Every structure is written in C-alpha cells, then in structure tokens.
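Letters A, B, C, D, E, F, G, H and I mark the chains in the order given here, with residues in each chain numbered from 1 onward.
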Amino acid sequence: MVAISIFIILVGLFFLLAGTIGLLRFPDFYTRMHAAGKCDTLGVLLCLIGMALYNGFSLISIKIMFIAVFIFLTSPTATHSIARAAMNCGITPWSKDEEGGRIEG
Amino acid sequence: MISRYESIIITTLCKLLIPVIQLYGLYVIMHGHSSPGGGFQGGVILGASFILLVISHGLDEVKKRMSEKLNTIFCSFGLLIYAGLGVLALIFGGNYLDYGHLPIPVTIAEARYLGILGIEIGVGITVMAVMISIFLDISSVGEQE
Amino acid sequence: MIEYIISKYNYWIYIVLMMIGFYAMISKRNLMKKLIGMTIFQTAIILFYISIGVKRDATIPIVPEHSHEAIKALEYVNPLPHVLMLTAIVVMVSTSGVALALLIMIYKRYKTIEEDEILKLRQEAGA
Amino acid sequence: MREFFLVASMIIGLLVLLTFYRAISGPGLLNRILGVNVIGTKTVIILLLMGFIYGRVDMFVDISMVYAMLNFIATLAAAKYLERKVSI
Amino acid sequence: MDIISIRPLLAVLMGMIGAFFILLAGERHKNIREFSTILASVAKFLLVFSMVPFVFEGKTLVYDLITLAPGLLLEFKVDTFGIFFGVLASFLWIITSIYSIGYMRGLQEHAQTRYFFCFAMALSATMGIAFAGNLLTLFIFYEILTITTYPLVVHKETAEAIKAGRKYLVYTLTGGVTILFSIAFTYHLTGSLDFVGGGFLQDHGSKNVLTLLFITFILGFGVKAAIMPLHEWLPTAMIAPIPVSALLHAVAVVKAGVFGCLRVILYVFGPALLHELDLWWMLAYFVSFTIVVSGIFALVQDNLKVRLAFSTINALSIIILGAALLSPSAVKGGILHIANHGFMKITLFFCAGAIYVKTHKEKVSELDGLARQMPFTMGSFAIGAMGLAGIPPICGFISKWYLCLGALEAHEITFLFVLLISAMLDAAYFFPIIYNSLFKRSQEINPTFNEAPWLILVPMLIAAIISIILGIAPDAFVHFFKMAALIGQNTLH
Amino acid sequence: MSFLITFIHLYVFWILLSGHFDIFHLSLGVICCALVAYGTHDLVLEGLPIDMHTEVIRFIKYLPWLVYQIILANIHVAYLALSPKMPIEPRIIKIKTKLKRDLALVTFANSITLTPGTITVDIKEGVYDVHALSEKVSEDLLSGEMENRVAHIFMED
Amino acid sequence: MRFLNFILVAIAGGILIYSTVDMPPWADPSSPASVHVSPRYIEKTLEETATPNVVTSVLADYRGYDTLGETTVIFTAGMCCILLLRRVSKR
Amino acid sequence: MSHSPILIIIIPLISSFFVPLIGWRKKNLCYPLVVLALFISSILSLYIMGSVITHGSIYYRLGGWEPPWGIEYRIDYLNGFMAVIVSFISFLVAIYSRRSGEQELPDRIVHFYCIFLLLVTGLLGMVVTGDMFNLYVFLEIASLAAYALIAIGEDGALMGSFNYLIMGTIGACFYLLGVGYLYIVTGSLNMNDLSQILPGLYHSRVVRTAFALFIVGLALKMGLFPLHTWLPDAYTHAPSAVSALLASVMSKVSVYIMIRIMFTVFNPYFSIELIPITTMLSWTAGIAILFGEIMAIVQPDLKRMLAYSSVAQIGYIVLGIGLANTMGLTGSLLHVLNHALTKGCLFLGAGAITYRRGTRDIRQLGYLHVEMPFTMAAFTIAALSMIGIPPTCGFFSKYYLILGAIDARQWIWVIILLLSSLLNAIFFFRVIENAYFKPLGVIHESSYDRGEQEEANEVPLGMLIPILALAAAIILTGIFSGKIISTIIQFAIPEGI
Amino acid sequence: MIWQLDLILLLFVVICGIAAISVKDLLSAVILLGLYSFLMCLLWTEMGAVDVAFTEASVGAGIGTVLYIAAVYKTTRRSKD
C-alpha cells in the first residue's frame, strides 16, 4: 500500500513538474493557463489520492478526497474566470503566425 | 463588483459551493476544541461565503439574505453573547468570564468547555457580520446613491 | 559564527521582512503601498512571535484527547504566542479594513492616492 | 516515510520557486494571478504533506480544505475587476 | 501668639464677592453694581481695620486655607507689614471707587462691568498679597493681580491700548516667571517658604547661589516695582483710565512690587544675610540710579500722566532704597513712604483725572491758567506735588526725613545726596505745572470757575486732606508711623 | 422539499467532516445544517431536476471516463510542455451546443476546462468559446463525445 | 528623503539584529518562553477545560478577556467602516 | 462591588453593542444611553479610587485564573487616578457631544456614539489592565476608534487620520514587538511577574531593545516631538468633541503606559541608571516644548494652535518623567490631570466657538466675550491654566516640574519651562486679546454688525455645562492640588525614585 | 518545525515581500500580497502554529485580498512607486 501511494505521489509530482515547466515555457497567457491550471489538476489529484491511500481508509482520507473534489470544482472556475477576463480585456491569443503582435495580460 | 457575474459557470458553481463553505465555516466554529479553528476562523469563512455570493450573484442577492439591519444585529449580538456569558458568570458568583461558575449541571471542566463553545459562536457571528459589512461598505461606495 | 547564524536565522529573516515593511510605510508615497507595507510589517512581527514558540522536535499544540499518558509540555509547541498572534492577525485585518475605508474616502475626495499630489492639492486649496 | 514526504515537499517547494518566477515577473497582472493560483494549489499539497511529516494529518486537513475552498475567491474578484476596467 | 482667625480670608474674599455681585448686576443695573462696589470696599476696609488692634497687641492673625503642596499652605498671616499695606490699599479703594464711579459716568465709558469687576478682583488680589503668609501665597495673588489688571490696562481697546497691554503682560509675566523660579529655588534650598521677620535663608546654600537668588528675586519683583531698566511698561500703561492708573499703577500694582521687594529683603533674606553677602549696597546703588534717572526722565515728559508715572518710579525706588539701607530709620522711612506716597500720588492722579474729565487735556503744556477754572483741583495738585518734593507739613516730608536719617545712620552720605537730588528733581518737575496753572494765561482755557463733578472732587479732596493730616500727625487714624516703626523693630533685630 | 434535500446532503457532509459521533456533536450538526439549509436552499436548488437520483448515478458513472480523459490529455500536455520544440498550435474554436440547462452547460464547460489542452473562455447563447492548445485536443473536443455524455447525464439527449 | 528613510530603516534593523545576539537560540526547548508560563496550559488543559486544542483553551478561557478585546477590535473596525462609508450609500 | 474593576470596562462596552441596535429604531435614545453608561463608569471609577485609598491596591482575576496564566487587573494609585481622569472627562465630552454632533455629523450620530464608547472602553481598558498584551489589544481598540473618529471631521481630516493610522500602527507594532522581546527572555506577560523576573536580565541586549521599542512606540502614540507629525492635522480637523477627548485623554493614557513601563515593569534603577533614556527623554521633551510652542505662535487656526500646544504639553509631561525624581514625577502626574482638564476645556471651547461662529481663525474672534460670555470665561480660565497662572491648576504642575528640574540640577529645563510659560502666554493672550478687546474684524464675512452682537448668543446648555464644569474643575484642582498630591499622587509615584 | 522547508519558505517570503512593495501596478501588488499571505500560512504551519495558519489561510484567501482588491477597484491601479 505504501509503495503504491509513493508511486502515485511521484507520478503526481511529475505532472506538477511538467505543468510548472509549461508555465515557464509557454509563450502567452492562454497557453500558460493550460499548463498551469490543468497539469496541476491531475498532479494534485494524484498526490491527494496517494496520500489518502497512505493514510488508509478513514475519515481523514474522505476529507482528503473532499479536498480533491473542491479543487476540481474551483480550479476550472478560477481558470475560466481569468480566461474570460483576459478575453474581455482584449488580449488576443498567441498563435504561431504572428509572434510579434501579441499583447500580454 | 456589485453586480451579478455574467458567466453562468461561475454563478452556478458558486451557488453549489456556498452552502458547503458555510457549513464548513460552522464546522470550524463548532470543532475549534479538538482541531484547529475556532470562532474567528469560522466567522471569516462564513463571511467569505457571503463575499463569494456578492461576487457571483451581486449585491441584491445578499441583501435578500442578510439585510443591513440583520447584519448590524448580528454584529452586536455575537459580542453580546460573549460579554453576556461573562456577565452571567459574574452573576452566578464567579469572576468575569469564569465559565466554571455557569449554571450548567456538569463538571467545572465541562462547563468551561461549553463556555468556550458559547463564546466561539459569539465570536463567529460577530466576525461574519463585520466581515460582510466591511466588504459591502468598501465595495459599494458610490454605487447606490 | 556559522553556528550563531544557524541558531538565529529565523529572527533575522523576520527583521529583514519587518524592515521591508517599515521602509514601505515611511518611504512610499502611494498610500496603498503604505498599507501593503503595513501588512508586511505586521506579518513580520507575527512571524517573530511564532518563532518564539517553536520547540525542537515538538508537535502542534493539540493534545490527544483520550490518551492516558501524562502530557509533557516539551512535546508540544508553546501555544501562548499562537494565541497572541491570533489576536494580532485580527487586529491586522481590522486595521487594514479601516485603512482601506479611509483610503477610499481619500480617493473620493482627492481623486488620487499619491501623497504628494494630495499635499499639492491641499496647498492649492489653502492658498 | 517521513523522509519521503519531506523530499516530496521539498520538490514541491522547488516547483513553487519556479512558479515564483511567473508570479513575480509577470509579465502583467494576469500572469501573476495565474502564478498565484498555481502556488495556491500547491500550497494545499504542501500543507497536507506537512501534516504527514508531523504525523498529525487530521489537524492539517482542515487548513488545506480552507484553501481548496477559498483560494479562488481572490481570483474571481480580480477577474471581475478586470472585466470592468479594460485598460491594463 | 498666633490667633487663628478667618478675617484675613474674608478680607481677601470680600473683593471677590463684590466682583461676583458686580458681574451679577451687570450693565443693566448700574446702581446696584456701583453700590456693591462701594459696599464691598467699605466692608473690606472695616474688616481690615478691625484687625489693626490685634497687630498692635503683638499678635498675628493666621488662617491656613488649604494645603497647596505637602508642607506648603495657602496661608494668610496678618503681621504688621501686611496690615500696613492692607489698610492702605483697602482705604484707597473706597475713595477710588467713588472716584471711578464719577469718572466712568462722566466719560460714559464702555464695558464698565468688566472694569469694576476687574477692579474688585485686583483689590482682592492686593489684599491677598498683603496678607500672604508665605512666598507661594504671595506669588499666587501676585499673578492674579497681573491678570486682573490686564483688562484694565487695555480698557480703551484701541490699538495703542492693546499694545500697552501686551507690553504690560510681557514685562509682568516675565517678572512672574522669574519670581516663580526664585520661589522654587528657595523651596529647594530650605524646604519652606514662610516669611520670618529677619529672614530664613541664612545657612542655606552657598554665597554665590544666594546672590543669584537675590538678584532673581529683585529682578522679578522689580518689574512691578518698576526699577529702572524694567520700568518701561509703566509709562506705557498710563494709557489706561485715570482711576486705574491711580489705584493700580500708583498704589496696588507697583506697591505690590515694592511690597514684594521689601518682603524679600526683610523677611526672606533678612538684614543679617544681606550684610553678610554685601548685597544691600548693590541694591542701594541700583535703585539710586533709578531715582536719579527717572527724575530726569520725568522732567522732559509732556504728558501729565507719564510725568506722574516717572515720578512714581522715582518714589518706588526711594522706598526700596530705604529698605536696602537696612538702618532702622531708613526702613521706617521707606515703609512710611509707601503710605505717604500712596496718598499723595493718588491725589495727583485724581487731579489729572479731573482735568481730563473736564477739559480732555493731558499735556503739561496745555494746563496754563487752569487754576482759575479748577481751583480745588489745582490746589490738591499743589499739595500732592509739594508733598512729593518733601516740603513740610505734608506727609512726604516725614518719610523723606527718616530716609535721610537712615542714610546717615548707615554712614552712607552718597545716598543722602541721592535723596536730596531726588527731592530737588521732584520739585523741578512739579512746580512749573503749578506755577503755570496759576500765573500763565491761555486762550483755550475759560477762566471761569468750572470744577469737576463732586463724585470726582470729593475723593480728591479727601486724599489731599489726608496727606496733610499725615504730615502733621503721622500717627493719626491707623498709626502708620507706629506700624512702620514696629516693622523696623521686628525685622532689624 | 428543497430544504430537506439540501439539509440531508449537508448533514452527510457534516458527518463526514466531524469526527465526533456523540449526541452533542450530532445535534450541533443538525442545528448547523438546518441553519445553512434554511439560508441557502432556494439558492442551491434553483434549477435542479425532479429525478435527482438517476442524474447523480449517471454523473458518478461519468466521472471515471472524465478522469481517464484528463489523464490522457494531461500526458499530451506534459509532452507538449517538455518536448524541446514545443509543438503547440493554440487556437480558439467555437462549439455550438444543444445543452439547455444551466447545470448541464456548466458541467460540460468545466469538463472541457478540466481536460487539459482546452479551456472554456466564454459561453454565449449556447456557443462555447474554447481555447485549445493543439490540434489534437481540439479534434477530440469537436468529435462531440463529451457533449453527448454530458447530455446523457442530464437526460437531454 | 528616500535615502534618509533608508538610513533610518537600516539603523532600526541594525539595532534589532544587534539585539538578537542575546536571544535564546531558535527552537530551543529550554528557552524561558517555553518553560515559564506555557507548560501549565499544555499540561492542564484537558483537566481544567476539557479542551484538547490548547490554543483554543488559552484563547477562550485562560486569556479569554484578550479574545473579548479582539472581538471588540473587529466590531470597532466594522463600526468604523460603517461610520466612514455608509453615509454615502444611504443618501 | 468587588467586581467594579471589570464593570467600569464592560458597562461602556456592552452599551456600545446596544447603541447600533437601538439607533436603528430610535436615534434619540443613543445619547442618554451613552451618557448613562459613562456616568456609571465614572462613578465606579471614583469608587475604585476610594477603595484604593482606603484598602490599597485592588486585584481582579479575569476568568478566575491566577496571574501569570490568566489576565489580571491590578489597580493601584496610578491606575485609579488615570481611570478617574479618563472616565470623567469622557463623561463630560459625551455630554458635550450631543449638540456638536448634531451639527457636525447629523446623519452618522449613532455610529459616532458607538465608536465613542468603544474609544472610551479602550482607554479605560488600557488604564486598568495589568497584562502587557491585554494592553495592546485595548490600545488597538482605542486606536481604531480614534482613526475613524478623526476621519469624520472636516476636509483635511482624512489625510490626518491616515497619517495617524500609519504612525499609530507603527507605534502599536513597536509596542507589540517590545512585548515579544520581553516574552522571549522571560516567558511572561504579566506586568507584576515581569517586574520580578526582569531585574536579573537587565544586561541583556534583548531587554534593552525591548525597552527602546516601548519608548519609541509610545512616543509615536502620544505624539512626542520628532514623532508628532500626525498630531496637528489629526487634532485640527477632527470633530471638536473628538479632538477634546483625544488631546486630553488619549495622549495621557500613552503617557501613563510609559510611566508604567519605565517604573513598574522595569524598575527605576534600570530606567534611570542603566540606560541614558531619561536624559534622552528630557532632551526630546525640552525641544518638544519649544518647538510646539513656537509652532503654536504662528498658527492662525485656533484648533491647530491648540494641537501644537498639545505637542508642547506632552513635552512637559515627558520632561517630568525624564527628570525622574519625586518632584518631577509629581509634576508630571499632576500635569497629566491638569492638561487633561485644560486641553479638554480648550478644545471644547474651540468647538463651541466654531459651533456659533463657523470659523476658527483667531483674527476673527472679535467681540466673542459679548456673544458667548460663559464660553469665553471658561476658555480664558483654561488659557490661564495653560500659561500657568495661579491658582489655576496649570501653575502647580509647572511649579513641581521646576522644582524637579532644580532638584535634578538641570538648569536648562528650568529655563525652558520658564520660557515656555511666556511663549504660552504669547499665543493664548493673542486669542484673549482678539476675543475681548478687538472689534469684529472687517474680514469677517458673516452678517454680524456691531448692533447685533451685543446680544448674547451662547451655545446650548448641553455644550456649555461640560465646558463650565471643566473650567470649574481647573480652578478646584488648582486649589486642592495639595490635597490631590498628598492623597493620591505621592503614592502613585513608583517606589525607588 | 521542519528546517529544510523553513529555509525555502523564508527565502520565498522575503522575495515576495520585496516584490509586493516594488511592483508599480497596485492590483499586482495586492495579488502578490495574497501570495505573501499564502507563504506565511505555510511558514506558520511548518512551525507548528496550526491555528494561526488557519486564521491566516482564511483571512488571506477569503477576506484580506478581496478587501484590497475591492479597495483598488474603488480607487486606482496606478501608482508612482
């Protein structure tokens, strides 16, 4: 059980790392948002599952899963709201063709 | 910041989250004895839930649930619970805030436990009401003249 | 020397933070910046207090409810600074609230929150 | 096992450091919000990991849950701000 | 031999009670207001007078009001010197009250309530100064006197008056502050402030410290006593209405300063200490300078009141000189001169007032031929002037005689000459006025008889007559002479 | 009715949260849940269906699929982020949807957002603006499978 | 002016750092703060207040009066905001 | 009645909770409630003072916990004295605040009263407590209330209040930090406990730094000279009742804390011998006196002048502390009382003048004595007290301060004290001169003409009574200052001085 | 107390504090302040002060930042320094 949970947490950490690197590397705000918000989601989920497994079946684990649920609910909402705000502010998404003309948020 | 959030995603989700957050706030108040938390934290969470409601549903929705008058009453009422418990202890022969002298048929330690619960509730109510009122005041200046 | 640094570094960081806040409070001309500095300043003090309470190899100050062993104080972090700091945080929030209210009033009145501009406006009004 | 959680939390700490670059240098407000949001999510995990390190995870879950619930309020508020005021 | 008696307190309070009723009556009930003024003054005089016998029996009336500070009481002690000053001031208040009523009504002045109120308060304070049992009590009433006379000085409310008021305040408050310092220092040295005949400062503090203390004391009280470099306020303050100048600047205020000086010389430091420190001749030379210079200044003044003011400065310094010589006769003469000068100077001021009320003239040069129009006034003026110059049988002669004797007793011929010169100067600046008013003619003045109203005339004549009586029988009425002798005895051991 | 539903759900949540199962804490829970439910039941159950039972079951069935999708897409995005050339082709695509109810719309939108590589930027009158990171994810989305599944949950197919 | 402020801040910081020399080492279990008053709270909390969370028991009972003050601070802040801002919204 | 120490705090506190509740329905009921609460509180404080005099110090354990663990109220002469001052002056100001409040802030009167009560609660709480941290909490209550109350004043009040907030927060934080520094080396927060532990640690740098932090923090709070910059703006533009309360009471409470910390928590040996703090304090105080008064002379605005005068008067009090001998401290404590009465009276008088005249320009106060005879009489008495004319109380404190300075053989302070008396005279007589002896300036814009002003146009009775009461108190305190010293102040002076 | 985390977090906090007061855009500064409060919360949890961390979490995430944002919303985002 412990080994499984360690493995899951490590995978989660890997996704978190990927997301962070994406956050740093991606060229514009929208793409970064993909990296940040989304890779994280899975990474966090995996970490939480790993910890819940490690903890065994108890109320604590249920609470940890609740945390996961809440993150699943709030994270896309937050992302959506920022994206919407960025769009409303008139930030055009970066695309490969017109690299120079982008406006940063 | 007072009007309803135009995005349906946000309003819907907040609608679902707010009761949960509120219940969580109450949980934090009630279980301050055995786990971290207490009146202030719970009160802030409750207040935050209302702030979330303001952000997502606009001011009117909040006014429906928590009118200015009710808010003021809560502000004072919470503190009255607190100070009143102290006075009650005073009346029943203890020093101020000495919950051991409260007229509850349990041991002194348990009486203190209940006293702590009582004041946590009072603190929670006040903090919630004040947080809402500060936020509403700050964010509604000049918008409803 | 090294040992000295290691044994005190927490206090030093708090001093650095506090000085950042302090500098912002007395030197920034923007009132909002002053408030931000104020928050940092207060938080630094809270950090200092919490640092007082720390004990090596101690756990959080919540004792097990149904344990039959005697509770040893050394095993738990000193709770008193935490209590004090809860109050301090509350004070911090309250002060921020009042300060922000004032800030908004100032903005409504002068249409700016830069201190020097406000002073100029007031001098013009006075002259 | 404590060591593992310690290492895990250190790794996440380093990730936070990386995210910090985004949060502080921006560019612009939105990227900062994004960075802060990401750090907020990571905070939840670090808190839980610390709970495991201390061996008292039952006490730390509550804090994490607060973050999980409330973390997006500030983001929403900022986003709502941006919806109104067009210039950045 | 101390008798605890409430009379001194009542005497002090009487003025305040009068002031209260004056305020109550206000502008609406003028008669009640003025009646209460007179009533209070008479009552006060009677009260003070009733204490005289005790003093002659060698007893002291004492009343401790409250503790101002641990070991420091607000106490009234009626000793010989106190009763001397008290009787003088309270008696002069009566005639001045009558006079001021006439004067104020005659000129239809504004803010009369304030005037009478402050007047009564000032007299109250004067009485407090007279009966003060220690330095702090004295100082308290001294400051009250300053404050209550300030409105009287600026009574006219013109720019000039306000300026004069400012000057008055600056000088007197500075003086007050200096006194405060000296008092605090004395307290620091001795732990006590009670007056003791012959002084209580011996064996406290080093020589230099005591010298400094003496200088600060004299500087402090010297402001009100208008010793020469500090006299500047007095001529300026003559802008005030005549009764004010008369009572306050000729009697109460400046005499309070002199009184303070004498208290310090005789009751705080004491002759022995002053001899030991060789301070007495310093003071004597200092005031001699004032005597001569003020006489010369007076000669060149054209404004009658200012000339009188300089004459006052002169006379005050003579008094202090008497005390400073520290010989029995000199002290006796000096103290007697307080009373004598009071009566004579008030006569002169009343005359000036009468002239002003009738003719609105203030300049010396305008008084030619006035004696025909106002014979009584100018007659009184002549009496006062002669008295000041030391011509018998007017009272000024007696005091000057003893002063001269004192100078001889002290083996200081210099001061004898100073006194003689001052007498000559007095004569020199007063006699031309009399001469001119008698023998010169002027177009402006109507030579028909046209005296001032009786309310003005009567007090003036009373004062003049008393001056003569005191000259003939110095011990008449309240035994001023005997008192002065007693004071000399008590202090000079 | 809506009060009762809210109350029951909240109470379950409360019991899971609270580790104490004595009478005192349970009754506290009743009071708290009643308070919250009283305050918010009209808010929560504004547009909820009558047949809640089925929907919840279907929703729970939907979750594993969603997680699976998330994992797949996540690997893809991780690859995008980590590959040195960074082969991304961001674009905005518009999806016209047949979904009607708010909850369905939101579920779909959040599913899109949760699935890495796509973000719902806006919903306007049944049209989703979705920002997609690469061609692959946009094609996945345009295939309509997710929409159908969501529609199935809320019985709108 | 900025520079002056900087100097001021530096001096203040210098004094504070100077004083850290005499502080007990960080996290020292035998520092005065850990041995004087607080042990009783930890050891007696269950016995005296039946509350396992020491912070809560100290906050609400041992030093309950502080908390009353703290809540009053919040109340004050709320009233202050109302006083400052609400007039505007009422008109 | 054994609970009276706590009752003086919680009666205003609980009333303040009721004020907004009642204010929602009936605005008129707030005022009686406030006055009643403060009245009871002040009577109780008198009672406490009485029992301190008869039975010695009072101890009250909050929550029934013994001192180092729980919070303790410890009321001795110094405390009781301060509590009486605070409660009585706030009671008088509360009476006054009705009419001025109606004019200055008509629509916010309910919350004004609420915060007013909270301010008083905070001040009282600071005074009676025996716990370092509890003091901080009440300090913050009082400060927050003060920020808001200042801010609702006229135009410039906002910036004044904001500056006060920033400076006050720095001050409070320094105080808090000082408490922390003491806590880290002693582990205790109780003042009495600290005073027993600390003597062994006097050579620790931490303790010394803590002391410096306390002094700086409190100096900020009270507006001592180099740190006074917030004070003039705040006092000038605040509503008159508020500036009266702040100037007369709030700064005094900070002074009280300073005395408490210097001489009770630390002992006099430390504060006087070990570190040069008294010298520094007296130098700053000396400069403060001169600076404040010179600044006051050039102010055309009445309240601003009074504010600068406050800076100077704080200097007096601190000078007394800096002299650190019996006489100096006696003068200092007496001046705490005297200045509280006097400045209260002056600010209330200035408020009354503003109430009728609508201007605070000193040059436009002509013929005020006809228009408002009683107010001006009281104002004059207070001004005389400021200058130090006997028998008003201001004289006596000045006298003791001079004695203290002489005792300490520090002639420069003697000179400064004497000089300051004259400087005070300059600016107060400027007011008196204008009010009594100058006709209404031509500059004055309102429609007064000479004929109209002859009518008395006194402020309402509710405003007049506190002013007159304070004026009477000034004289009575002056006359009975010996009594006050021998019954209270001489015991309030900490041992070992 | 976990000193490894402690060091990292202290470093973060200092950086974040400096960033918060040096950013010109006030909204960004406020957001960074929120980040600062997160980090502080972590720091305190790490030191064992769970209740304080809880408070800071709820305040920082729920109230503080939002209040600041509201205030910026009501005033201005521009700042000269």
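Operating definition for what follows: a contact is a pair of C-beta atoms (placed from the backbone, for glycine too) under 8 Å apart; a residue touches a chain by one contact, two chains touch by 3 or more.
Fair warning: this is a prediction, and the values are worked out from it, not measured in the lab.
Q: Quick check on the contact graph: shortest path length from chain A to chain E, in steps?
A: Minimal hop count between chain A and chain E: 3.
Q: Comparing C-D against B-D, which pair counts more contacting C-beta pairs?
A: Of the two interfaces, B-D and C-D, more C-beta pairs touch across B-D.
Q: Round to the nearest whole Å and give the separation of the Cα centres of chain B and chain C.
A: About 24 Å separates the centre of chain B from that of chain C.
Q: Find the geometric centre of each of chain E and chain F from their Cα atoms only, then give the gap between the two centres in Å, rounded to an integer.
A: Spacing between the chain centres: roughly 103 Å.
Q: I'd like the Å distance between the centres of chain B and chain F, where a centre is the mean of that chain's Cα atoms.
A: Each chain reduced to its C-alpha mean, chain B and chain F end up 30 Å apart.
Q: Using mean C-alpha positions as chain centres, tell me how far chain B is from chain G in Å, no decimals.
A: 22
Q: Quick check: what residues of chain H touch more than one other chain, meaning two or more?
A: Only 13, 17, 20, 62-63, 133, 137, 140, 144, 147-148, 151, 183-184, 189 qualify.
Q: At least two other chains touched by the same residue of chain I: list those residues.
A: Chain I, residues with two or more chain partners: 1, 48, 50-51, 53-55, 58-59, 61-63, 66-67, 70-74.
Q: By residue number and range, which residues of chain G touch two or more other chains?
A: 16, 20-21, 23, 27, 31, 33-34, 37-38, 40-41, 46, 52-53, 55-56, 59, 61, 63-67, 69-82, 84-86, 88, 91, in rising order.
Q: For chain B, which residues count as touching chain D in their complex?
A: 1, 5-6, 10, 17, 20-21, 24, 28, 35-37, 41, 45, 48, 51-52, 55-56
Q: Under the touch definition given earlier, write down the residues of chain D that touch chain I in their complex.
A: Within the complex, chain D touches chain I at residues 6, 9-10, 13-14, 16-17, 20, 23-24, 26, 29, 32-33, 35-36, 39-40, 43, 46-47, 50, 53-54, 59-60, 62-63, 66-67, 70-71, 73-74, 77-78, 81, 84-85.
Q: Which residues of chain F touch chain B once you look at their complex with the stated criterion?
A: Those in contact with chain B are residues 6, 10, 13-14, 17-20, 25, 28-29, 32-33, 35-37, 39-40, 43-44, 46, 102-103, 105-106, 109-110, 120, 122-123.
Q: Of all residues in chain F, which touch chain A in the complex?
A: Against chain A, the touching part of chain F is residues 16-17, 19, 67, 70-71, 73-74, 77-78, 80-82, 86, 88-92, 109-110, 113-122, 129, 131, 133.
Q: Taking the touch rule as given, give the residues of chain I at its contact with chain B in the complex, in rising order.
A: Chain I residues touching chain B: 50-51, 53-55, 58-59, 61-63, 66-67, 70-71, 73-74.
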